[in-house]
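Supplied in structure tokens, the structure appears directly below.
Lettered A, B, C and D in written order, each chain numbered from 1.
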Amino acid sequence: LAASRPRPREVGVRLGLLPPGPLNAITDVPGVRVGHVSLVEGESVRTGVTALLTHARDPFLEKTPAAAFVLNGFGKMAGLAQVAELGVIETPIALTNTLSVPTAMDALIGWTLDRHPDVMSVNPVVGECNDGYLNDIRGRHVRVEHVLAALEHATGGPVAGGSVGAGVGMSCYGHKGGIGTASRVVADGLTIGALVLANFGRAEELRVGTVDVGRQLAAGARGRQPSPSSLENEPGGRAVQARDAGRRDDPRTGSVIVLIATDAPLDARQLGRVARRGGLGLARTGSPSGHGSGDFILAFSNAEPIPHRPSSTTLTRHVLAEDGPSIDRIFAASVESVEEAVIDALFRAETMVGRDGHVREALPWPIATATRLK
Amino acid sequence: LAASRPRPREVGVRLGLLPPGPLNAITDVPGVRVGHVSLVEGESVRTGVTALLTHARDPFLEKTPAAAFVLNGFGKMAGLAQVAELGVIETPIALTNTLSVPTAMDALIGWTLDRHPDVMSVNPVVGECNDGYLNDIRGRHVRVEHVLAALEHATGGPVAGGSVGAGVGMSCYGHKGGIGTASRVVADGLTIGALVLANFGRAEELRVGTVDVGRQLAAGARGRQPSPSSLENEPGGRAVQARDAGRRDDPRTGSVIVLIATDAPLDARQLGRVARRGGLGLARTGSPSGHGSGDFILAFSNAEPIPHRPSSTTLTRHVLAEDGPSIDRIFAASVESVEEAVIDALFRAETMVGRDGHVREALPWPIATATRLK
Amino acid sequence: LAASRPRPREVGVRLGLLPPGPLNAITDVPGVRVGHVSLVEGESVRTGVTALLTHARDPFLEKTPAAAFVLNGFGKMAGLAQVAELGVIETPIALTNTLSVPTAMDALIGWTLDRHPDVMSVNPVVGECNDGYLNDIRGRHVRVEHVLAALEHATGGPVAGGSVGAGVGMSCYGHKGGIGTASRVVADGLTIGALVLANFGRAEELRVGTVDVGRQLAAGARGRQPSPSSLENEPGGRAVQARDAGRRDDPRTGSVIVLIATDAPLDARQLGRVARRGGLGLARTGSPSGHGSGDFILAFSNAEPIPHRPSSTTLTRHVLAEDGPSIDRIFAASVESVEEAVIDALFRAETMVGRDGHVREALPWPIATATRLK
Amino acid sequence: LAASRPRPREVGVRLGLLPPGPLNAITDVPGVRVGHVSLVEGESVRTGVTALLTHARDPFLEKTPAAAFVLNGFGKMAGLAQVAELGVIETPIALTNTLSVPTAMDALIGWTLDRHPDVMSVNPVVGECNDGYLNDIRGRHVRVEHVLAALEHATGGPVAGGSVGAGVGMSCYGHKGGIGTASRVVADGLTIGALVLANFGRAEELRVGTVDVGRQLAAGARGRQPSPSSLENEPGGRAVQARDAGRRDDPRTGSVIVLIATDAPLDARQLGRVARRGGLGLARTGSPSGHGSGDFILAFSNAEPIPHRPSSTTLTRHVLAEDGPSIDRIFAASVESVEEAVIDALFRAETMVGRDGHVREALPWPIATATRLK
């Protein structure tokens, strides 16, 4: 799936000012592992699971400092209240479709219980987007074993993108969306990486760096400039999605989940600041964050996990000094990584035919790049 | 289950200044319905489900204004991000044990999908406490049909309390806890009702109104005044729970879920103010809200639901004027209802024997009341 | 001013389970200094300033980890947005009346600029309550030099309480309020101290530990049980205040500012958890936190300040391990300290005659204590 | 001041998809009035005040629904806690320099007291940025009468921009910044307007719509591509500012205050959603929201003020139905208005010489536009 289309930099599209890591992926942050299970069955199952492990050891025994920012809370991401209170994640992170969140939670609970015969409480973190345009989402086709398989497959190295894992059925800016990733290296050798599950935005809004691809495509397709009134009528937009969906007229499609990883030594408060920058990265791609979109950003640092059973009453922690220049570089790197991860998802995702013959076209990037994208 | 022990007012314990409604229950708010399914099987299944419907009509088509306050977020309550964004609940509310949250979510999703063939997105609201001391929580014995049965059983009228529904396996202030409820009527005939799933607090901390029951019981039991050092060693406390639990040494027991209902016309922002008062009601019963406790309060108003499909672009809403005296009465009623609901749970809950022979004794209220409780 | 009335423990009133520090004051936390300037002039100036320094060194060069919780935000406390973002305080904390907040801010700015010829930005932290019932608050009688004098007077050792400093004109639970303080010592020799500016609550609501003093006083005064309808009509309540105030009919009186200090090594997230417990301490004294009350809690730790100019890009920090028992003791100590600080303010405050002949009576504690307070 | 340079649309720069209002200014929202007082005296006073009235009537008697979002809280904006609690503003809004916030608060308090002989409490709302690079900010040259004059001058109609009012001494993206404004009209004739006090961003980051002006200018100036390492060394950036400032080495310069006005009937929760979109508008101009920047967004609706003294216990309110398309148009309009308002500030601001001979150059827009800006 989704191997043949190039990533943005492979066709000369460079976004931002900072250099990417070797893989230009969230796995450039040492220890981060990603796994996908893609479910493409028959004519209407177009969904999947993406799992991410924050570091190479046991996530429950070595909890990962984390914080979330909710840009638009029309979504069902699970586990954030405890993350806000304690400042840590204690499970892998699973991404899937909206109605399969409970299944993914159940899987993460079982995965943790299996490894820890004493544990009676665990906080699964699961993000979701709604793939109901292409996928028979009401069928809830994701099963616990799919989530466990995604965890088992999780690995470092290059991250498959586009229509894979949780991204199989997703749409973005009126085109095929899905999984995207990118990274940045800042001074002192610190790395910031982002992974997005991109399922948001109207076609006309899309900006790729400094090119208004959305408007250009609209103009090309229609032989005219888009007018404001077309906001409700764009080809791949929400209103049309809803109309196409026949009796399934729910406007609550859309959403994006952003995961930001770093090996910079940041505490939960600082990671909350990073998470807010994730929203700025999304903004650069053009969307105003629609009402019906669940836009969640979760940032974590695996520099120094927090032990489940501390050996003393006081922990010695290392945290970035905020009055030096590093924090600004990390903020910039976060914005750029998220921006590029969204574009990466769009570039890599292949055209997909799904439920009820619905088609979501891949972004016609050669047309766009042919004009001004380099 | 739990029918034979009296409620606080039946033995002369009156808490607060405001008068209760006819049932002294959350169901005094017209339209609110509550149902329980209790699972007591063999020697180690001690759990269940409590379901609440916010009004008498379809919760998805007529969404209920709501807001939450997280007093201590060491918990897994689901659905709150969307409640914060949109200010409404669109499903029934289910309460259950910590590890069965996904099952309850799945049940609420299915329940909604079954009623709405078009719906592709729904935000289930589920609260939880950890009943792992008495219950084989790791067995995840709650099934979807249990949740659906609790919904089916939901009715107005008197609300069963103590060791019922989600409360079957809960502990509170070192004694048997569970479900409690209370209500208050304020001027203009408005009603505020609370329902709690009470599973929090150390034995010594308990206050019943103006009586320090916890200290008195401790003094009686030990023939001496409790010393500060006993904070870690009280009979039913967390540390002992953990020790008793043998290999199951997880400190994350405890928690309380508070639901506050009203027919006062409050919008989401105002309900957020009410929810914060729920924490004050809990405080009056003595607990400082322990680290390991997931203390969540959800307040809703069913005075004027919000249509899923509005018929015009502007809604006409009625909201309480905050500069009159009514809001203060509602705040006071919220505090009192929550305080009394916790005590109601303690008074009504029967002694329970559960997993591994663990015993949680009922509050020995006659001893306490014999001294000074009237 | 306010020297002759005893503190609660001096008349045998013991609140909570944990032992107080040597002074039972916020100054039991090493380095904390408090200073008051009381303004009692003519018939209508009844106001003042209370200043607190978080440690013994320069507050700008060594910033103090801190976090706030807003229990009810009908107030004008200044500086909290930056505290939330950066997790530190960088000035002394000043308390004064509502309309003198800008003056106190200006004074803190000037105080900082004077010590730092390079500084062009500083975030003053100022809390306020409304003393308009006794004080000609509209006259804005606090001047910059009063604030500077309070800072200059600031010292460790016993803390004057009752009608001093910012507390001169304050009312609490229908009686004379003002400044109160208390502390607790927990295991490992850690200290938690609270200082309150208490100006909140209705007379009937007052609870002193396990005694419903408010109801007893109301019953004594009227020879009858208070009825719910009297909630709007109690002698010292807000409605009456407003009515008494003649043309000054503003309902926005009330409020309480709570400062919680500790030498426990807590980071900003953890201090936010402590601050939330401050609200629980207030709740134990009886108030449901009225609509018109600005109830703000600010918690700080001076265990390990954060340097303004860090010498390296990474700081080494020591923070309390949250999975040990210490955090629960600190939470309990916070609740108890705040509870007792409010009662301390009530016990120590003397009857005050002020603006337009308004009288606010001291709490008739001997009557109350004569009954059941020991 | 600042009259000779054109606004973006006057030179063909069109940002976004939606049409502006007749003035392309915040005053397109009926009733909104803006006034400036500019202080340019001698060689080092470069500061001022901008005042905004939310509607044409008394702001205290008819309170304006409002909500804020703090994108980066390294700032001193005053009044937000009460706005969050009550969902209203009750004074005009004043903008000025960081160290003059208390003076502006004092002026708003006095302004309110003068109009309301009964009032004893009022919540002034004041935003700030740090103009210390050009202005002798430590001199605190703004006086109460300057704020009152700005209020008196406030009027509808065209809004002066660039180096006026609070914008006199501000810098933005390494060039001269200050006041900017823009508006959008959406379906149903609703208007959204933004006014910014722009003092943020590094030179290289600037994007004007789809043109990376910052990079182009950097490349032009240096004859080479900017490298990541230049992030710390750009000509007008923070680090250099600080160094230039000689002994005044405070890194806390930067900041942006965004005011978003609308006549759409939005309640406080909905306005909070709009405020979050303000951050997305800022992001489109290129900045990742630096650590030292106080980035605050305040959104208000003057469609239906809330009476200070309601005539009944229940208010009838009209609020936008969120499940229709209007809310998305309003979100898009908010993003676009804020984006264009920042660019407007940059286009209109003239080169300014100030303190210690510091110079902040106007954006060399003709060069930029000559390339690709149309």
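Here is the rule we go by: a contact is a pair of C-beta atoms (placed from the backbone, for glycine too) under 8 Å apart; a residue touches a chain by one contact, two chains touch by 3 or more.
All of these numbers come straight from a predicted model, not from anything done at the bench.
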item: Neighbouring chains shared between chain A and chain D, ordered by label; value: B, C
item: Label of the chain whose CA centroid is most distant from the centroid of chain C; value: A
item: A-B or A-C, whichever has more C-beta pairs in contact; value: A-B
item: Distance from the mean Cα position of chain C to that of chain A, given in whole angstrom; value: 45
item: Rounded Å distance, chain B centre to chain C centre (Cα mean); value: 32
item: Geometric centre distance via CA averages, chain B-chain A, whole Å; value: 35
item: In chain C, residues with contacts to at least two other chains; value: 72, 85-86, 273, 322-323
item: Residues of chain A touching chain D in the complex; value: 17-19, 71-72, 187, 204-205, 207, 209-212, 215, 226, 228-229, 231-232, 239, 251, 273, 276-277, 279-284, 287-292, 322-323, 325, 327-329, 331-332, 334-336
item: Complex contacts: residues of chain B adjacent to chain D; value: 85-87, 188, 265, 267-269, 273, 307-310, 312-324, 326
item: Residues of chain C that touch chain D when the two form their complex; value: 70, 72-82, 84-86, 98-99, 101-103, 105-106, 109, 113, 117-124, 130, 132, 137-138, 140, 245, 247-250, 252-253, 294, 296
